[in-house]
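Right after this note come the structures.
In what comes next, chain A is part of two complexes: it sits with chain B in the first one and with chain C in the second one.
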Partner chain A sequence: MKAQLRTRVTTGIGIFYLSSILFFLYAPILVMAAMSFNASEFYQLPFQFSTQWYERMWENEAILSAAWRSIWIAIVTTVFATALGTAASVALWRYDFPGKRILQVLLFPPIAIPWLITGTAMLIFFFGVGIGRGTPAVILGHVALALPYVIVVVTARLATFDRTLEEAARSLGARPWMVTRRVMLPWIAPGVIAGALFAFAVSFDQFVISYFLSEPGDSTLPVLIYTAIRKGFTPEINAISTIIIAVSMVVMLTAARFTKFGGEK
Partner chain B sequence: MSEVRVNNIVKTYKTARALDDVTLTFPDGGFFGLLGPSGSGKTTLLRTIAGFVEPDTGSVTIGDRPVVNVPVEAREIGMVFQNYALFPNMTVADNVDFGLRVRGVTGNDAKRRVAEALELVQLGPLGKRYPHELSGGQRQRVAMARAIAPRPRVLLLDEPLSALDKSLRVDMQIELKRIQREVGITTIFVTHDQEEALTLSDRIGILKGGRLVREGRPQEVYADPGDTFTARFLGEANVFDGKPEGSLLELLGGARVTRPEKATRIAVRPEHMTVSTVEPEGPNVLRAELRQRIFAGAMGTCVLEWQGQPVKAIARQEEFDGLPEKGAVWLSWSDRHARALTVD
Partner chain C sequence: MSGGINIARTDKLRAFALLSPAYLWLTLAVFLPLSAMAFFSFLTEVPFGDAEWSVTLTNYSAFFESSTFSRLLLKSVMLGVKVTALCVLIGFPCAWVLAKMIKGRAREALFLMVILPFWSNSLVRIFSWAIVLRGNGVLDKFVNAIWPWDVKVNLLFSEWAIVIGLVHSYLPYVILTSYLALQAIDDSLIEAARSLGAKWWTILWRIVLPLSAPGLLAGAVLVFVPVVGSFMEPRILGGRMGTYYGTLIEDQFVAVFNWPLGAALSFILLAVVLIILAVASPILKRAQT
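Up next is the complex of A and B:
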């Protein structure tokens, strides 16, 4: 009886805890999404459905150009980060070389270091080596940030790759490149796709690095939103933010599906 | 199809000698079984022939071609792995086709050869299935077909049947033998299952601690194992030590037995032991204590004790039925069944 009661109490606390987290996490987002469809500019209730903010956003040149900029920077970042990250993962998996452990360990702190600090460091460094501010700097920064994510995800998938498959392919006469292309890549493809989606999300949602490294006027979407908020908040920002969240959620959920969060179903 | 030779192969891992000066010839078109307990180096030897292991010293030739410096993919081998290692993202037919494709065999020629290989392993209609849709035995056949399709010079099997359950394993042994005979390819296989090695092989090699201790035809090696390890590893053996007394050997307790080849240690297989309640004529007779009788159909096993040493005898049913449950009995064997063993 006593044990049963205890289980019930712990379960109760657990449910309360989980609901609180979900509530505080999603309630503001839901409010924002709802307000993007509210006719009032000052968040007045009662709620009146309207798509005017989406229409206004669609006519706002600054928002649109920033959105396109964000998208193509994210795509370029994704291509580079995925290619480099996958190659690095395969190399780390296949070869033993001096300093391999150190390299592996050094890959992870960038995930944990605050972006503000990484951004400052990059800004100083890029000025130091003469790259300065601008699109190349933004892309370099994004690739550097996204790379560890790709490596983590692809490496997790590679860990499930059966080495004897590689041996079997070689015994059948396949050269190393053939083994990689025909046997290994098909196996790690879900990891590579998930890594690519992570890279896209990291770049698309990136604010600090973009803010520090882009030239004034060449803002990405998050930077534009930040600037807009400082000038005065309009529900147009709610509209574009809602779109960004929707896109990010789709991307992350797809990534989660492909990685199955590191394990088979 | 080629003869395979390994000469003076030495392979050391850190401090352990995995292979210690192994020299062996695998005859052209033969089925050679490499047998030994785990850690004996049998798998290392197979992987050395395949090219996955680079020996410290020694040479490997496939046909007339020295291959020590040739990478795996250029050795023209076929290999079947313990877990089969089928490509999970490819159909059965694509798995079999893989070795042909990477060699540039395509089109109708490839199609025909894939069909032939699948026919050979009796999986003709399953080409479009994926490996996860197959049973263990079917996967094993696919692995064989895939290894054979590119017509390798030698087929290497790494414990190919160990993942199957007992009854399926016996069926697959017969299948494996049939396939090997049909293709006529030099085959080397590794197993720790003595019975499997005796059933399948034309020749066997027994490894222990990285050394080749015995090599020969299975019947030959079983009948005359030569050393204590082989005698005990390949089947069961009762081993007796004694002092030479002229042409005889005096065992503990004074019993005198025939002495083959001036040996001081002899082995007698359990199936060559006779247990009786009356004292038989001649030498090779021991007074022993019957401890247990285990009935097992046509044959029965008697567990005995002689001078503190356990002895095993296998008796036919009629002989077995005439014995008491326990008690003093006579144990004997004929001269021709005593085998000399080296003492090391």
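Up next is the complex of A and C:
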């Protein structure tokens, strides 16, 4: 009886602790979202509901063009990173060859080295070889950052693939390409979709690399927000920031449905 | 026999065809730039156009001669230590609650909720703290509403603001890795210790911590490395207080345009990071399996 009560109390404390953490994680985001609906330009309370900042944002050419550029870059990045990443994952999974271990280790630098270092290195190199700054440079950088994520996610899915299925298809006379297209690809599809969503999120949220690689006046949304924050911002920035958070959370929740965190195993 | 060799060869060709696009891209966009940066750090001038340049060690000697640079690197490392320690102290118990106290579908949902902010835009999350922490802001109003005395809470542009923002950014990392490690610990092990009369701190110290150490340390490394290289967070939340090693490098590239010095400073940071990763890699490898 006493032990039961004690378990209850500790569970209660645990749930309270977890709730405090969730409060800490979400409160500032919710405050920011609420302030984007507040009429006062100087974030004054009491709160007065208004959608004027969203209307202003909608009329702000700089924000809109940066938003389109961000979406566009994220889509191109997703296409390249998913295609190249899936191909590489299949090869890493299917074949054994000398140097495979090194290739796997080489996936970590883009993730593990601080983006400040990678970003400034890219700036130097792209200038040196004549690519310079601008959208092509940004896409080059984003794909490189997204590739390892796609490979990790797709490889995790491939690990659950039963190789005997391939053998069965082959013994029934299917050509290698047929086996890949009709047996393996359908199986790894959820992993590929999740990888693509990860790639989209990596690109859409990327700030550091884009900051060093974009042409002034030709920036992505996060770069525009950073510049605005440093110049002194208005709640228009809250409005677009709220939309960004909403978009990336929806993308990641969708990705989670396709990985082991939820939905089918 | 020749058939077997042929198959092996086509396999090799296929593997090469599938792998080369991805790795060529990584080479062009990551590995060559990093090598170019190493080369640049030994030059006097950026070798573009008809600029005169020569090979030199001044960029590195500048780091060792001027105490400003090494002081800022130390300041950034200390920031990394503080943020990592806080993330571990706050995140590990949270992972414990998730892994061992909550069961079933609620656990999956709560776990996803903890991880979700991590996958949303980090710049925007730092910006949201600027709104919360500013003087006369939401936190100020909140504290004054529950505190009977009149106080001014203005944390923005202080080291505290930077630490809070960074902990907020990286806490989910530690929770994620600790959670995965704790989930792998068999509950019956803890039950056995408890039924043999072990107190909770003995269980923590002798069973839980040793078994989850790889995951916990992996999380710590994943926090420490980006924090040492952070520049956007100190800029936004630190204001004039926010001069760190990362902002020093940023300045060389976007304000002062001393690229060779910036390259040398970046390379020194890379060396620090690589040493940390090399020391931690046996532990990280254990965490993977």
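Note that in this section the second predicted complex is superposed on the first by the 244 of 265 C-alpha atoms of A that agree within 3 Å, B and C clash if a C-alpha of one lies under 4 Å from a C-alpha of the other, contacts with A are read in each partner's own complex, and residues count from 1 in each chain.
To be clear about the criterion, a contact is a pair of C-beta atoms (placed from the backbone, for glycine too) under 8 Å apart; a residue touches a chain by one contact, two chains touch by 3 or more.
Since the model is a prediction, treat every value here as computed from it, not as a measurement.
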Using the superposition on chain A, tell me whether chain B and chain C clash or fit. fit
Tell me the contact category for A:Phe212 with respect to chain B and chain C: first, second, both or neither. second
Using C-alpha centres in the superposed arrangement, which angle lies between chain B and chain C as seen from chain A, in steps of 10 degrees? 100
I'd like to know which partner A:Val183 touches here: chain B for first, chain C for second, both or neither. first
In the overlaid three-chain picture, which partner chain does A:Gly232 touch, first (chain B) or second (chain C), both, or neither? neither
Is it chain B or chain C that touches the larger share of residues in chain A? C
If we overlay the two complexes on their shared chain A, which of chain B and chain C does A:Pro98 touch? Say first, second, both or neither. neither
First (chain B), second (chain C), both or neither touched by A:Glu167: first
Minimum Cα separation, chain C to chain B, after superposition on A (Å): 5
Considering each complex separately, which residues of chain A are in contact with chain B in the first and with chain C in the second? none
Under the definition above, what is the set of chain A residues touching chain B in their complex? 162, 164-165, 167-175, 178, 182-183, 186-187
Sort out for me which residues of chain A touch chain C in the complex. 10-11, 14-15, 17-18, 21-22, 24-29, 31-32, 35, 43, 45, 80, 83-85, 87-88, 90-92, 94-95, 97, 103, 106-107, 109-110, 112-118, 120-128, 140-141, 143-144, 147, 151, 201, 204-205, 207-208, 211-212, 222, 225-226, 229-230, 233, 237-238, 241, 244-245, 248-249, 252-253, 256, 261-262
Residue ranges of chain B in contact with chain A within the complex: 50, 52, 71-74, 76-79, 81-83, 85-89, 98-99, 102-103, 146-147, 150, 156
Could you please specify the touching residues of chain C with respect to chain A in the complex? 11-12, 14-15, 18-19, 21-23, 25-26, 28-34, 36-37, 40, 46-48, 90, 93-94, 96-98, 101-102, 108, 110-117, 119-125, 127-132, 134, 137-138, 141, 168, 171-172, 175, 225-226, 228-232, 235-236, 246, 249-250, 253-254, 259, 262-263, 266, 269-270, 273, 277
